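Take a look at the structure below.
So that you can tell them apart, the chains are marked A, B, C, D and E in the order they are listed, and the count of residues begins at 1 in each.
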Amino acid sequence: PDKKLAASAPIFRAVKFCADGRQERFDIRKPALCQELGLQVRDLRFQQQTILQPRDTAIIIRMEEIKAIVSPDCVYILDHEEPRDKVLLGELQTQLEGDNSSPVAHLPLEFKGLEAILNYRISSLKQELDVLEPAILQVLTDLVEPSFMSVDRSKLRVLLQYRKSLTEFQTDVKDYVEVLTDILDYDDSIEEMCLTDKITNTMATSKSDHLSHVDEMELLLENCLGRAEDIVNRVAEVKDLIEDSEQIIFMNLDSHRNVMMRLNVQLTMGTFSIALFGMLGTAFGMNLLSSFEEDPKAFWIVTGVMFTGCGLLWRRLLWFLGREVPPNRKWSWKNFKSSGQ
Amino acid sequence: PDKKLAASAPIFRAVKFCADGRQERFDIRKPALCQELGLQVRDLRFQQQTILQPRDTAIIIRMEEIKAIVSPDCVYILDHEEPRDKVLLGELQTQLEGDNSSPVAHLPLEFKGLEAILNYRISSLKQELDVLEPAILQVLTDLVEPSFMSVDRSKLRVLLQYRKSLTEFQTDVKDYVEVLTDILDYDDSIEEMCLTDKITNTMATSKSDHLSHVDEMELLLENCLGRAEDIVNRVAEVKDLIEDSEQIIFMNLDSHRNVMMRLNVQLTMGTFSIALFGMLGTAFGMNLLSSFEEDPKAFWIVTGVMFTGCGLLWRRLLWFLGREVPPNRKWSWKNFKSSGQ
Amino acid sequence: PDKKLAASAPIFRAVKFCADGRQERFDIRKPALCQELGLQVRDLRFQQQTILQPRDTAIIIRMEEIKAIVSPDCVYILDHEEPRDKVLLGELQTQLEGDNSSPVAHLPLEFKGLEAILNYRISSLKQELDVLEPAILQVLTDLVEPSFMSVDRSKLRVLLQYRKSLTEFQTDVKDYVEVLTDILDYDDSIEEMCLTDKITNTMATSKSDHLSHVDEMELLLENCLGRAEDIVNRVAEVKDLIEDSEQIIFMNLDSHRNVMMRLNVQLTMGTFSIALFGMLGTAFGMNLLSSFEEDPKAFWIVTGVMFTGCGLLWRRLLWFLGREVPPNRKWSWKNFKSSGQ
Amino acid sequence: PDKKLAASAPIFRAVKFCADGRQERFDIRKPALCQELGLQVRDLRFQQQTILQPRDTAIIIRMEEIKAIVSPDCVYILDHEEPRDKVLLGELQTQLEGDNSSPVAHLPLEFKGLEAILNYRISSLKQELDVLEPAILQVLTDLVEPSFMSVDRSKLRVLLQYRKSLTEFQTDVKDYVEVLTDILDYDDSIEEMCLTDKITNTMATSKSDHLSHVDEMELLLENCLGRAEDIVNRVAEVKDLIEDSEQIIFMNLDSHRNVMMRLNVQLTMGTFSIALFGMLGTAFGMNLLSSFEEDPKAFWIVTGVMFTGCGLLWRRLLWFLGREVPPNRKWSWKNFKSSGQ
Amino acid sequence: PDKKLAASAPIFRAVKFCADGRQERFDIRKPALCQELGLQVRDLRFQQQTILQPRDTAIIIRMEEIKAIVSPDCVYILDHEEPRDKVLLGELQTQLEGDNSSPVAHLPLEFKGLEAILNYRISSLKQELDVLEPAILQVLTDLVEPSFMSVDRSKLRVLLQYRKSLTEFQTDVKDYVEVLTDILDYDDSIEEMCLTDKITNTMATSKSDHLSHVDEMELLLENCLGRAEDIVNRVAEVKDLIEDSEQIIFMNLDSHRNVMMRLNVQLTMGTFSIALFGMLGTAFGMNLLSSFEEDPKAFWIVTGVMFTGCGLLWRRLLWFLGREVPPNRKWSWKNFKSSGQ
């Protein structure tokens, strides 16, 4: 039954990098891969989104779509997809072929593999943010434009989309920070990451001339962690900016609404005055005897009263409004009259 | 009196799984069960919602509705209900009967029991979220639709219901994470979980050929913890999305309100102009002598003044509004006129 | 001078429970009590709201209104008030008289005292929440009712009152959790709680047959802590629900406002159309010569123009509004017309 | 050059308390004071707002405006100002003269000094909150009054001022908590606080008869910390209450707005109906031949149609509004009519 | 190939300070600098914004635009720009030349370098806040002015800009706090900072007469940390104040809107009354026989009914509004009438 089981096990598409940078591409079943690397079946389940776990003979890595195994002799990239992972594969090759400018050039294979994968991941996260951040800033700049009285609602939807991306991005970066912190918080874990030393049992010796491998590993991880934390800070700043901008947008909209409301009240005051004194005209328009029918001055007096009374009442109402709800300087009604003349 | 006490003690409906996967179903009183398993009475109170506590001879588990006791010889599921717990019972049986693909196949009984129960719990939590998340996203998509000026209030209520479920769900997952973390934070606790080793006193020996049981236990718990943390992340993302969407909905509503307010002010301006110049017509409609009664051009002049003056005043007022409260491009009044012609 | 000082010291009304459950009630001065129990004066100041502090010869407890001292020989309840503390005194007596079903029945006196007091406190906290939670849910259900366009403001005040109670309740529970955590975080503190063992110097011996007293103390405190944390979770859920509901209420109100605003704009459009074409009628109502006075069709033509033009203009304006500010399906104006016919 | 430097150094106005409570007041240059107390120059910079730092021969304290140095022989208060610090100086004197009721009466000088200064600080913080809290509650009670449709804006400004004070107060208390926690978290730090023991090297001896000085110091600091944490809790509760109240105020305002909006729509419906049917009157008011001029019933028919039609249309519109935007019970229009009759 | 690599390596513009304060300015390639200081290439990548890392032979510092290396013999400032970094260079020179008032005057070179750089950084952060804080307070004071019914929207944009600056500033200070905390949390790290002691292996000796170098380093870092934490507190207070003010601004705007809404409803009530009773006049204005044409009193009766009825209806409606939506004292309509007379 074991054979049958093994036959039905999932198949990984693997790229194997040897110490000299040579690539091999092949398909391999999970149990076979486990046996080759001395791992447990459970180690290759990749059930979490972000994994960085040292095992006895290999380091298991998952960073979202990247699945990799780093052993002291070779690096496996599993389930790669070509256009997407091309840069990663290239970088791995460069590191393994011996890039002298690299700080891990003189170190065992697992350092080179880790450096390539962790750096690739943090660089691609940084690239993602470098695209996302200016796009969000552009949308926000458009939305907080203070002279508009309504917001472009299609941009609101775009903003929501960006916020969603930013939240997911934040989770990715936090996961990255967390797996590194989990290793760095315990000296044991850092030691476990140095596979070659574990095998050769040379841990903590030969410290005399230069940094031990454990210290090198700590530096490598701390460097990645530091860069990730800078990204975390930037994301937090963008999130803060979005929230602040939203408050400003609300104030903008509220303020515009009040300005329009004030205009409306002013106009309603005018309409009210006109309606009140217009009723005088309606009264004299009735087919009833007012005894002024023949008076030649009555027309002018009543018309005068209508227009003057209406004007005076409006002015009084506006004065009342101006006292109770004072406008900002910029928005006074006087402004209108003076600019209108 | 002790006998009487025992007689009045609560009765558990228990399913007992032996090491070979055989099931036994029976009812048992609390004190009897305590004695059988070598536990204290207090251990079986199940006063908290989520429990994972190693005791000397057994591990006591409660996960919301699941109550279980894992001993080195057998696994008890207490107070099970049939349709609900069927999957759990099935999974337990599979594990105990020896599923070779399982990573705990070669380990003592308590590993198999824990693996089955903890995995079942995290899987059912994941399933719950897999149902809840798309439902929430659907409601949100409907609510943030930018072209609607009001929200479907029945959907608001549905959203509230979903948020309540999500909050309760979050508490469940956090409890799960917490009990696992409480164990994993202390090496002693992990050792206490390995019941068989405690009994046979084989802790930390036979490490030479493969992983010790303590390490296996740590891996088992860490794996469950990792999956739970992925769920925690997803829940946090959904919560963020809901909050972001609500802000967008408010902006949408506010923006629509401003647009309508502007339209209203424009119409009020028109009505005001008409009322003002209509008063001219009312004046001439009075049964009073204006001396123009016989003038043949007077009608046309006054009517012309009424309509033209009203039109000019409105235009001026609209210009004033356009200067002080500039619309967005899309929403200008010109838009109306051009599309209306 | 010391005697005088002692004479002016505060007097405690004390109830003393002996190991066999016998009660003694008396008044005692602070210094006398200190001397009797071998405590410092400072220990009996009770300056904080929640205290659980082991001293050399006694444990000092304060839980809001409960002040108690647990010594290896007896338990003191200080400043008790009768109707309020009756349940606590009863529970203490039951524990001390030897309740066989209690998990601390076989343990020294201080365990029984602690179990009674801590359990009483957590039970009364739970009861408080059991009253508060449904009351809050009821108010929230009333307030989020989506069909109402305004909220019952008296209920808002009730809600505010409940939120205040909830916040104070939360502080109480957090205090309780904190004092327990302070003890449980340090093994020394747990040992200090076992007064009898400290005196007889039997700490950590006789572990062979059953759980040591230190482990029993840890279980006792952990059990109380676990129950308190469940309450903390429930409070957090209720707080979240209140906040979510408030957002929904705001959306409800905003949405209703927009619906009414839209209705208003529609009516203003109608009034505007009527005013504009009514001006035609006003013009012909002037006592001026329009030369159509004798035309028998003029009346019908002008009246027709007035009503038709007004209707057409309104329709056009409504169409414009419908295009720029589309309503939700449910709220369209067509809905009104079709249901109105 | 050193002498010159010393001459230009800042001068402290100091009050020196000797062990017997005697006061000495004098001015002293910084370097002289350093030399006298065996401190470094850096120790007397007082660059932070809240300081509690043990040095070899003295404890340096700063609590906002209080600067003090506690040595085993004497206590210095630096830069005191008379009316403000009078209470502190009085309390110090009382402690040092030997207040038998004090829990530190039998302890070395530094305990008395610390007790006086730390207690004075926490008491004055508590007093500050005792003034601030009821003032804030009063303003909030005024603002959440549900029957007002607008808020008293001058009170808003007062509230803002109080919130600012509360935030600053919170920072002060947190600083106090932090410096105490920094000491209490490390056993070394507590030992360093016991200056007399450090000098006489009697640390941790003479424990047989009563509490060691280190334990006394821990109790002293823990007592202050506990009182500060109670204040922290109260501040947090007030902050929560302010936020909750603000939400309620917003709901109040929104709800009132909706009620008024509904009234407005109802009135606009009425005005619309009147305008529509008034157009009929305007039509018949034109100086055109309608052929009904001589009909004696026409006046009554048309007038009847105008008023009845207008009434029916309004009723229909109100019914529509009532169906689409149902009011709360309390606010229905029927309420008006029934109470109006 | 190595030589070529070295030739293409980045060039630093460096200022080198020797122990006596002498400056040397030159350009140096990265590998050359590494070799000179005994550092790894990776150490000079400066990939993070804020760095404070002890290495075997030097301390690497980056504080935003400042890049520095402190070795036991000299201090390098890299990539300096003249007007910006002038103050820093000056302060370094002063420290190194031996400023006797400095608390590090008697300590090895690395203390002087650290003191100068860390103090310069914290001082310039403080200066930045000293400019930002009053500017923000000024804008807030302008915005919360309670008598304005709308906010100056250009100030909103300024506020947004300030909030962005404040958030970025906060990140800078937090980074500063974090790097110091990372050192201070581990005694090893503090020891590693004492380069001279590491080289001469004199760690923890010569403690007899005065503070050891490790203690001096701890004091130096703690002092900087304390000052940074005061800034963190101030920033948090400003952030709180901004949020509180925004709430107040929203309440202000909402309250003003309600006042205007109420005014609007009152005017609409008036217009409604006028329209209703004006219809009476319109009716009598029709060219139809009402049989009252010749009645001399009819005109006065109908006119009287129109004006009185309209007045009474308005009063009734205002009474109704006043009952249902009571105004604040200050805003009552009576206020208007009494002040209008």
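To be clear about the criterion, a contact is a pair of C-beta atoms (placed from the backbone, for glycine too) under 8 Å apart; a residue touches a chain by one contact, two chains touch by 3 or more.
Everything quoted here is computed from the prediction, not taken from an experiment.
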Interface residue overlap between copies chain C and chain D, same or different (over half shared): different
Averaged-CA centre spacing for the pair chain C and chain B, given as whole angstrom: 21
Intercentroid distance (Cα basis), chain D paired with chain A, Å: 34
Multi-chain contact sites of chain D, meaning residues that touch two or more partners: 147, 250, 254, 256-257, 259, 261, 264, 268, 271, 275, 278, 282, 285-287, 290, 331
Topology of the chain contact graph, where touching chains are joined (line, ring, star, complete, other): ring
Direction chain B, origin chain A - full chain order round the ring: A, B, C, D, E
Residue ranges of chain A touching chain B (in the complex, touch as defined): 1-2, 5, 9, 40-42, 45, 47-49, 51, 56, 147-154, 156-157, 159-160, 163-164, 167-168, 171, 174-175, 246, 249-250, 253-254, 256-257, 259-261, 263-264, 267-268, 270-271, 274-275, 277-278, 281-282, 284-287, 290, 292-296, 298-300, 302-303, 306-307, 310, 331, 336, 340
Residue numbers on chain D that touch chain C, as the complex places them: 100-101, 103, 144, 146-147, 211, 219, 223, 226-227, 229-230, 233, 236-237, 240-241, 244-245, 247-248, 250-252, 254-259, 261-262, 264-265, 268-269, 271-272, 275-276, 278-279, 282-283, 285-291, 316, 320-321, 324-328, 330-331
